[in-house]
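As written, the chains take the letters A, B, C, D and E, and residue 1 is the first residue of each chain.
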Amino acid sequence: GGGGSSTGGSGGGSNPRAADGTVFIRGCEPQTGFVPGNINEVCGGTINQFVFDQLIKYNSDTAAPELSQAESIESPDNKVWTIKLKPGLKWSDGSPVTAKNYVDAWNYTAYSPNAQNGGWWFGGVEGYSDVATEDPDGPDGPKEAPKPKSDKMSGLEVIDDLTFKVTLTAPEAVFRTKLGYTTFSALPDAFFKDPKAFVSNPVTNGAFKFVKWDHNSQIVVEANPDYAGTEKPKVKKIVYKMYKDDDAAYADLVSNNLDFTELIPPSALAGDKWKSDLGDRAIEGQQGVIQTVTFPLYDKEFGGNADFRKAISMAIDRKTITEKIFNKGRTPLDGWISPLVDGYKTPGACGELCAYDPAKAKEYLAKAKAAGYTPPKEYPIWYNGDSAHKEWVDATANSINQAFGPDAGVTFVGKAVPTFAEFRDIITSHKMKGLFRTGWQMDYPHIENFLNPLFKTGAGSNDGLFSDKELDAKLHEADTATDPADSIAKYQEAEAMLTKEMNCIPLWSFGLQAGTSKWVTGVKVTPFGVLDPLSIAIKEA
Amino acid sequence: MSEPTAAPASAGKPRSLWQDTWDILKHRKIFWISFALLIMFLVMAAFPSLFTSKSPEYATLAKSMEPPSSDAWFGYDLQGRDVFARTIYGARTSIIVGVLATVGTVLLGGVVGVIAAYRGRWLDSLLSRIGEIFLGVPYVLGAIIILGSVAPVQSNPGKTMIMTVVIVVLAVLGWPVLARIARSAVIQAKHQDYVQAARALGAGPFRIVFKHLLPNSLAPILVYATITVGSYIGAEATLSLLGIGLRTPVISWGIAIADHTRYIRTGAHAMLFPAAFLSLCVLTFVMLGEAVRDALDPKLR
Amino acid sequence: MGRYAIRRLLQLIPVLLGTTFLINYMVWQLPGDPFAARCGQRPCPDAYINAMRAEFGLDQPIIVQYWHFLKNLLTGDLGVNFNNVSVASQLAESWPITVRLGLMAVVIEAVIGIVAGVLSGLKRGGFLDNVITISTLILLSLPVFVTGFLLQWLLGVQLDLIRPTVSEGAPFVELIVPAFVLASLNLAFTARLTRTSIIENRRSDYVRTAIAKGLSNRRVVGVHLLRNSLIPALTFIGTEVGSLMSGAIITEGIYNINGIGGLLWRAVNDHDFTIVVPIASLLVLVYLLANLLVDLLYGVLDPRIRYE
Amino acid sequence: MATPSEVVLEVRDLVKHFPLTQGILYKRQVGAIKAVDGVSFDLRRGETLGVVGESGCGKSTLAKLLMALERPTSGKVLVNGKDITTAKGAELKHMRRNIQMVMQDPYTSLNPRMTVGDIVGEPFEIHSEVVPKGDRRKRVQELLEVVGLNPDHINRYPHQFSGGQRQRIGIARGLALQPEIIICDEPVSALDVSIQAQVMNLLDGLQKEFNLAYIFIAHDLSVVRHISDRVAVMYLGKMVEVGTDNQIYDRPSHPYTQALLSAVPVPDPEGREQRERIILQGDPPSPANPPSGCRFRTRCWKAQDICAEQEPLLEIRAQSGDHPTACHFAEASDVVHVS
Amino acid sequence: MTEVLPESKSSKGTYGGALLEVDNLHVEFHTRAGVAKAVNGVTYSVNAGETLAVLGESGSGKSVTAQTIMGILDMPPGKIASGEIRFRGTDLLKLPEEERRKVRGEGVAMIFQDALSALNPVFPVGWQIAEMFRIHRGMSRADAKKKAIELMDRVRIPAAKERVSDYPHQFSGGMRQRIMIAMSIALDPEVLIADEPTTALDVTVQAQIMELLAELQRESNMGLILITHDLGVVADVADKIAVMYGGRIVENAEVHDLYRNPAHPYAKGLLESIPRVDLKGQELYAIKGMPPNLLDMPTGCAFHPRCPYRQEKCVTDVPPLHTISGTRGSACHFWREVLDGDAQ
């Protein structure tokens, strides 16, 4: 390509990116830095995927798990897993990637005094309870958690340099699929020498290696020349440029100052403007994220009864909302599972309860009232005001109000909690008074990930305190089933059981709208909605 | 020695500053134009249903962002609600917030400014420094903190509560500027001989402040206050945008603007009409303030 | 004047202590646990929350926390934020940008506002006066995000005259449009205040003297009238400096400027008080200094105002 | 006329120093502007005391002290035997019914945003016991008539009146409470001769009618002579010469008085070339730092060493004849006849 | 000035006719209440080296006439309805603004009553004086400052060198007025208009200022228009007197003639109002009534409502300015009676 020196600007045929092989993609400031076991949010997760490889990875088209650093992952009973690494993998400091790196990393993450927020992922590994202790009266209480008995999980065992064995407390069909999640990364020996320094200057083993991090501004990574993967990076450098505002990023994308964003703002989605703005630079797809609203079952007044909850579900015109508010950027859901994952089926488990039917909705409402439930006059739908939920929440509330008609005796209103922090605080302290926005971004593409964390009694993200013994039993069956297909079938049965209480209303699954500048080509987006860093290439001028 | 020198003034009933101001205002075109507009806005705020029969809440999502038509003069907004109806109904909140917050600012700032100027010395320093504390706290931070602690969302505050808190926030964070203006105007007036003359007559502080100082320092306060009404209506929109100001179910111009700015490329009408009303309203207040200020100027009599 | 400046500087100390304590206190009153939300839809492990709380001293009473804050401040150590990034380094990065942006906004506000105010004051009631009044009022009533967004699309994307966002390091030219957006709100105030004082002073005796001296109209207005009419506008601008620095949240967002406003906004949203408090204190300090500067400037502009 | 010997106002050693302060945290006093520096005199019922002196010599400050608008540094002001400087609250308010003031500047001493009716009626509102509410308006109109203003103009604003008329409004306000003493601080210096004559006639007439005592401050000596029974000459915060009008004008004995009198232009062009005139050199010294000894010595053509060393007291001296004067070298001489 | 009046520079001070002539000037103010006729046909002139005193009641149009000469009248509301102002024979009112500007300061200069408000409070006095040289003469800052110091010396400001950088408020009233004078004589104007230069000052300072003006006039032979209502000052310095009433000149006279025997009842009344020692204890003579309302001028002679000589004719006919002798004139139908002193 020609060596144009101007960044940005749309003039000229020479490709300014060609000169130094650098591309600019939209990013945001990670909260916790680069330690994989401590990452639990998108900003850090995305960039971490560029620099760390896991045992497996997910195909960017089909989301199917494929081996990455692992040469094989085998288990006879889904309980004891033997994992073999590919030979010749290297850290960016030159040291080899070993089985010990994995075992040390997992132990470190799980050990509760290390306070890694991904520690619970190892809850199924034998000996987890020895390394992680709970605070008896919660973080607000005066008592402190006792010191764990050990700092090593008994279920992890290094066999040789490239092999280690994982023993679970119970069979887990999805264990293999989970291993692509960031928390299951290895950590180099360098990390243990100085964990603090690693946070902002990691030694990595992925396709790209870390260069620098200018806080709140950008993170720069460059292609790892020693990368052992089959597919090699096609660009020399990626600048992960942080934007505070989606519209700003989009404006930069349109004027070719930015090469990739996976967030097209509503302003551009409206009227399909983005397609005319971007032309063939627009990318559409799906991602494993669903939007739901959940009832606070712990609250008598707002929890309502099953008929009331079903009435609401049937009063939501998902189709019009996805068309008008999201410009078809979302797809109506008729189940609780993302269409992208193993175990998804059509028609969904929700069936007619997720179909818009004002007449039926009214009927159910009447039934609910007849059964003795009087909804409050004003019924809020809560969301966090610091990101773009207002539009759809308002539309949802309007839809329900109109379906129920003016004399339903209850009015639905969208209400914002200013910040996500506050929002989560109210949710986790179980003080929600009204429906609240919930959503699930899959950690790995499997039906299990949409059920266990959300609906099991006492599960971490069971925000509405939903509890159904039968469902728990069914899920347990599915978890421990050794045959993957059988397991999936059981999960599907479990999903169908959700229609009984309708504690959580599925709304829609996320489409993917991304765009590129005119300087790059070949861009693929993973099912997690982030750039596949290996796919991006600079156009020949 | 009794020939009249200027235009004859009847010696009938006693007149006051305010009556005379009114007499002058009566003859000014600009006053009547802005007054008519103000009345229109006030009627709109009080009886929105006179202007439109449509409901501002009723949403037909299918009509989302439809442009103006004979059916809906201002078109439909994102939620498929009638923009005209929402603009009309929005007047109430916007004007109440703008005006009450300004009134609060003027009262709070005026009282502090007058006291600081009148008493002077350490009290002046103290009040001025306190004002600086309030001005120094970043606006948005202050807003979040006050909104968050006075009307926490968990308490599920109602319409009136939210409005009250927004008004309080604007006034509490805005008064020091007015206090400064009032202070310097009063200090200027304070050194005039007529204040000394009143003291020589035995007038108490109350009388001096209300009869002598305030009427003579009103002009700059008025100018600032009328512009402030406008900037508060705008500020309300900004708070809404940040998610900490007014919110549904309240209907206001600010919310309408905040909600639809991003859609300006596909449906400018949803934002432009409320924005136009907002600008017109601001203009009305400023023109009115200007007219009153002119009329209060005794030299023009 | 020097003495006065010193006295005012000394007065800064209690004000600053008061403000920082107030901010400290209020910030901790905000609902929402800063660490509860750091694990997305999932609740964070208790161990994590406990460790973080202990690390940042959130388990101690406010007074103690404030004391620590002060102690660290005096030793020049601002610590790290909840993301474990040095607060000082973040401030060091954003602060110059914010100052540049804020100062440019002040300059734009002052220059355009004063010129507009002078013109409309001189042509009171005329066409130009009305045009200026109406246009500044429209700018005033349009919220910043509208102006910012419109200009970004119009100039940045549609006409391709500017970069839609400000690039790394925030060079001067790229900040012009954002600074204008930031200044646009206050233009109306500055213009109207200037207009009023121009109208007042235009009839004054010294202006007559200047004309009688045989000076050109331009010199009469530009030298003699202007300097006497600046004080009200200056006072206003002085009080607004603080809000220009911190109120840039939206403008910074729109133009993706890595400044204090955005830092503050994010910190507030994350309830990351380790950084909110120092930023707020810094802003207060700047505001107070700006005020002091304006007060001292009075003395320069108008020698009748003397501070001993 | 009542007995002329009845003293209504006694001033004793009145001193007013405006402090000059300095300091950062604690202000300490580094000096003082000696605006009034030891003034004593008596005023009898029905009498007019003229006070003359250069601009800035402390005339207005003296007036304000008498009105208790400023707190004196030391000294006493007895109004009918009671000290007004220490009076407070209701007592002060009550005392003010007996002593009133007409301000120097008719343009700034009337609130531009009050009607004449309000301005003249204000004393009645403050001292509500004087006139019942219903009669106030009538009373105000009577007052306007007394000072020669059209009572129909009660609803006008000050700026609608000429300077002379404004001054009358001020006088009407001063008269409202029927005080015994009126202090006139340069009531005519802003007016032109024809109006000045009207105002002076008015003051004269009122004095005769109500037996008022005036303190009449001015720097126009012919005006003072016309109206005063006694005249006091001030220089830099001190009285330098006191006497009846004839004593001062015909036999001035203090050099400053002589210079002042000689500077008065005579409205008669005949023989103007021959007129002898003492033109004082330089400006008056700063009251913050007055010269030692005699304060006038820096501009005095008679000054000798003793003037710098010893402060001349205000006393009757051999050469000065019949009235007190504060000059070591006092010498009566007829400088010029002020018409 | 050089373009318009090429001969003027060389012939400075030797101009034959009257240096400055105001001819039948009419000025009105358009206010909300109506049209105020502030100046109704004023005619006066001044020659080199001559002092013309303009006397008259407050509001009679003295200052407005002076402002019109200087071109500093507020327009609007002011409006020059008709008349000419000739400087060295050229009508200033017809000159383009740029030429007019050059006459200000160099040809005609002015001193205002209140020096504190007339001096710009925010610039040092030296700077304000030096500005004259910098703008009109194109001098450098340093040279102009030197000239300013010289001028301040000339008007006898003590320690001029140290005080050039002081601000107006740091000077006493008399010194300010002297600075004002220094500024106005900076370019050696041919005519100096002094609008009540000493009204705000006390007698001792007034004497100093009048002395100074007389001296300057002697040195540079300039024409002086002195506006005042201090009859003492007029008697001291004036050569000619113009008495104004209601926007008109009602009497023109040599100074001695006027004081000896005024020919207009207003001028007479004015002189009689002066307090006199021999009349102490008696009521002063005061002209009855009030100044005329400019919005609603009395018909005929403007002074008739207050005039002791009033007759029918005065109510109906405007008296012309009768020539009494030479330069003397009176705008009274009954000037003879006034001169004889018998009122009817």
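Here is the rule we use: a contact is a pair of C-beta atoms (placed from the backbone, for glycine too) under 8 Å apart; a residue touches a chain by one contact, two chains touch by 3 or more.
These numbers were taken from a predicted model, which means no experiment stands behind them.
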Name whichever of A-B and B-C has more C-beta pairs touching across its two chains. B-C
Longest centre-to-centre distance from chain E, chain (CA-based): A
Just how far, in Å, is the C-alpha centre of chain E from the one of chain D? 31
Approximate Å spacing (C-alpha centroids) for the pair chain B, chain E: 50
Length of the line joining the C-alpha centres of chain A and chain C, rounded to whole Å: 38
Using CA atom averages as chain centres, what separation in Å is found between chain A and chain D? 90
Quick one: which residues in chain D touch 2 or more of the other chains? 162
Within chain E, the set of residues that touch 2 or more other chains is 290-291
In chain B, residues with contacts to at least two other chains: 1, 4-6, 144, 148, 153-154, 242, 262, 264-265
Can you list the chain E residues touching chain C in their complex? 67, 70-72, 74, 97, 101-106, 109-110, 112, 114, 117-123, 131-132, 135-136, 167, 169, 180, 183-184
Per the contact definition, I'd like the list of chain C residues that touch chain B in the complex. 11, 14-15, 18-19, 22-23, 26-27, 29-31, 133-134, 137-138, 140-146, 149-150, 153, 185, 188-189, 192-193, 196, 232, 235-236, 239, 242-243, 245-247, 249-250, 264-265, 268, 276, 279-280, 283-284, 287-288, 291
Once bound in the complex, which stretches of chain A touch chain C? 7-10, 29-33, 40-42, 112-113, 115-117, 119-120, 132-135, 138-139, 144-145, 196, 199-200, 214-218, 242-245, 247-249, 251-252, 254-255, 257, 386, 418-426, 428, 438-441, 453, 460-461, 463
Spell out the part of chain D that touches chain B in their complex, as residue ranges. 64, 67, 69, 92-93, 96-97, 100-101, 103-105, 108-115, 117-118, 122-123, 125-127, 137, 141, 148, 150-162, 170, 173, 177
Using the touch definition from the top, list the residues of chain B that touch chain D in their complex. 1-2, 4-6, 8-12, 14-17, 20, 192-194, 196-204, 207, 211-212, 215-216, 296, 298-299, 301
